[in-house]
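Each of the next two complexes has subunit A plus one more chain, namely subunit B in the first and subunit C in the second.
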Partner chain A sequence: MIDKLYLKGSEEVPEINFNATTGKLEISGRSIPENANIVFSPVLSWLNLFFEKPNTEITLVLKLEYINSSSTKKIIEILLLLEKQFEKGSKIKVEWFYKTIDLSMEKKISELLGLFKIPSEIKVY
Partner chain B sequence: MDLKDILNLFNKLDSDKISFLYHGLLHDDFTYNIIKLLEKNIDDQNEIISLKKKVAFLIAESFQNIIRHGENDPDQKVFKNKSGTFIIRNINGIFYITSVNLINNENIETLSQKILMLNNADKNQLRALQFEIMNNWVATTHGGAGLGLLQMASRSGNKFDFDFKKVNEQYSYFYFQIKIELQLPDEKAASDITLNSSKELYNAIKSNNTYLTYKGNFSQENILIIIKIIEKKLALHPPKEEGTHNKINRILTELLQNINKHAFEVNDKKEAIFIIGKHLDKYYICTGNIIKTNESEIISENINQLNQLNKEEVKALYLKKVRSGTLDKNGNAGLGLIEICRESSEKITCHISGIDKTNSFLTICVKI
Partner chain C sequence: MKVLIGPLTKNIFFNTIFSLILAILLGIIDWYTGYEISFQFFYFIPLSIIAINDKQKKRYLIIWAFLIALCWFLADYYAGHSYSSTQLRIWNTASRFIVFISFVFLVNANVKSRNRIKLINTDLLRKDKLISDSVAYATNIQNSVIPDYKRFKEFFPKSFIFSKPKDVLSGDFFWSYTKDNKITMALADCTGHGIPGALLSVVGIILLNKVVIEKSIESPAEILTELNKELVDLFSTGNELIDDGMEMCVVFYDKNTEEMTIAQTTEGAIIFDDLGNFTTVNSDIFTIGGILSKHKKVRFSNHQFKIKKGATLYLFTDGYIDQFGSTANIKYGITKFENELKSLHKLTASEQLEILSNQHQQWKGNLNQTDDITVVGINV
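This part shows the complex of A and B:
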């Protein structure tokens, strides 16, 4: 298992910065790719390997400026994996950031996080 | 701006292979993105590929002409940027670049004389004039060297079409049209775009406050360029309500990627048309594309069902769908329309018109 996963972001794909040692998993920037499967496939594979021997404390940090519907679906897949791990006893936290002015995004984040049992915080950036 | 106006505008551009219509505040950043978008579309069409450099040059020069010589719109004097209108169309291998902007009435005579002189000059005279200006280089106070129009005349190989329309004692509208065609003297285009028809188009986009109309290939690469142009446009003229900018971007992305996924493919291209503008304090985004009739019926039915739900019911449907199932192999989530419905301020409008036995033209309009 590779300790770190780093994927450079662009105007259409987010920056992925996952660290198995610190347990900090960060996804930031824009996520509006044509096919989110391609972007998130290495992310989900890395997470599946990581959860074979997980860190005791995991924090998922989401700082997404724009996200299309297919990327939302992939973020939900990541949250489902985290929830499974949380139910197994891992200490997991989600911090989802939104831009101050984007109240409709804040509402959406709150609704989405409400679907999961994982402790979470909504923050402004 | 109702569906009828949108369909009318789509009809006016029906024969176009490529259309790019921009109306409003201008910024230097636009030039690069507009040229990039046009070049990507030209690359898709082998028959006009030789016009690529000329078209890019003429767009850049037209744009610079407005930035340097145009007057600020008195209606929008709170903004420091110049405003103007660009209409770029490709029909039957011919490109038409039309610009409309305000100029000071004092400059009309000099400008008219300059254009008429260039229109009456032959190739050799144009070359000699160019040589003369280069040897007596004096930049004007606006930063130009007087070469712009001359080079445009040489590159286009056609006479300029132009006209003025008085607005008041100080300003007039300056209409300017350049035609660029392939060097095939025997072949005449079936229809020519006259300056008058460009004026009509200008009046339509002005009265409907249409910011941008684009007809062409909706590849992901092109979609990203369109998003950049709109972002810049909204940054120049920000929506009053905070957060609207982000809403527009989200709906725009979903609608444009919807075309990319569902539009009928012609020669590996996803050809479609899209419009964005603002009318009576509401932003509107409309798309139109050819699609298999059975698919268009499914989309229309989905929209009708969403339109019958209240906000809470749409939310419940969204949350149910977002947690269940996965993306298909093409990355379709089946969530796009629901997301659009949640962000829009009115019901989504949809119109289908049959083309032949299997295909239809689908128009979707959203207000924010």
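This part shows the complex of A and C:
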């Protein structure tokens, strides 16, 4: 299994940086692709591979400036996967960053994270 | 030329006979006029007639090139053209044979590919017609399941619906149901557009009829909750895992009490008062169907408004604000849209419709439409 997953970001897709040794998965930037499946399916398959090992530990760091609805769906899919692993005993944490000016984003994030059992923090950047 | 040899190419028998006679005739003329005058060009005529038939076999093409070269050889020989050595005569004939063979193969390949393109085009046109015919008919079905706009118009005479599908069929739909002095309205945006969007929209309409009319549910939040339950149930019976769903805004309004209740899955409602102050209505995080609503317990909230005369309500799907355009190729955006509504909410319904349509067209320019568009404007 590869230790690192790195996907370069652009105007439309976020930068994805996953380090298996530190257990940090960072998704940052804008996510407004027409087909979010193409962007996020490597992340999901990577996570599934990652969780095959015992005693896994992951911190999901989200720094999303703008996110469209199909990407939101994919983030939810990731969160559902993390929650499943959390219930199985993995150490999971979510850190979701938002910009100070975007208060509606903060409300949306806390509302969404409130639905999951995973420990999470909402931070300003 | 095409008119002349056109009919000849149709029938392989006449085609062959004609070319043969022509070749012999050319040989005789060439022999008669002597070797000093170059006659080569005319030998290409029977060759063209042969090569232009796209059913011609390769070996016949070679035989024909050989025949014509032989014709030329005989004419040259009997015209008394003398060469310093016999090898030169053979060399000249061979070089002509190669020129002829290249010619017939090139012409034949060209004709074949042109005919194939023609065939593909005809096939494409036929398929295109088939698809557009069935899409047009599907539009009829979609339109016939949506409740009559007449009742809605009677309830709100000063209203308009701006609807512009990305393709012919739309994934957006507007639904309404009136009873006495009460109206329930729903504006929905189904995942995707075109055929998949339209299929989902028909499901949405049927479920709305069930929940609002049969079960007589009035509370918008409760309507959304029920719709989600119905849709998730419906999709979990199949084998395929479907995470598709719809965004929806449900409005309930009672004319007697002037109370309006709104619940929605995404920001898609703005209310203007008589003075031009506007309120955007909050939305919930859940959609109808979709991955989150399938795995978590949904919760929708009602928002209450007192609607006085002169107030205007706008319901919209994200197609209008998500349209890419202008020179910078950026999205139209909510702020521009709010300002646009602010400037036109006092105008008549038909004027508003025209301005919205023109403004969209102007912004879009030559770019493709991003998504299905629906904007409903209601002057209460």
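Operating definition for what follows: the second predicted complex is superposed on the first by the 122 of 125 C-alpha atoms of A that agree within 3 Å, B and C clash if a C-alpha of one lies under 4 Å from a C-alpha of the other, contacts with A are read in each partner's own complex, and residues count from 1 in each chain.
Note that a contact is a pair of C-beta atoms (placed from the backbone, for glycine too) under 8 Å apart; a residue touches a chain by one contact, two chains touch by 3 or more.
What you see is a predicted model; the values in this text were computed from it and never measured.
J.: Does subunit C touch more residues of subunit A than subunit B does, or is it the other way round?
T.: Touching more of subunit A: B.
J.: Mind working out whether A:E77 is in touch with subunit B, subunit C, both or neither, as first, second, both or neither?
T.: Touch partners of A:E77: subunit B and subunit C.
J.: Touch check for A:N35: first (subunit B), second (subunit C), both, or neither?
T.: First partner only.
J.: Output check: A:L115 vs subunit B and subunit C. Expected answer is one of first, second, both, neither. What do you get?
T.: In the superposition, A:L115 touches subunit B and subunit C alike.
J.: One more residue to check, A:T22. First (subunit B), second (subunit C), both or neither?
T.: A:T22: touches no partner chain.
J.: Answer with first, second, both or neither: which of subunit B and subunit C does A:S45 touch in the superposed model?
T.: After superposition on chain A, A:S45 lies in contact with neither partner.
J.: Which subunit A residues are contacted by subunit C in one complex and by subunit B in the other?
T.: Shared contact residues on subunit A (touching subunit B in one complex, subunit C in the other): 69, 73, 76-77, 80, 111-112, 115.
J.: Could you list, by residue number, the parts of subunit C that touch subunit A in their complex?
T.: 243, 247, 266, 285, 290-292, 295-296
J.: Can you list the residues on subunit A that touch subunit B in the complex?
T.: Residues in contact with subunit B: 11-12, 32-38, 66, 68-70, 72-74, 76-77, 80, 99, 101-105, 111-112, 115.
J.: Note which residues of subunit A are touching subunit C in the complex, please.
T.: Subunit A reaches subunit C through residues 69, 73, 76-77, 80, 108, 111-112, 115.
J.: Under the stated contact criterion, what part of subunit B meets subunit A in this complex?
T.: These residues of subunit B touch subunit A: 220, 224, 227-228, 242-243, 246-247, 249-250, 253-254, 257, 260, 315, 318-319, 322-323, 326-327, 329-333, 335-336, 338-339, 343.
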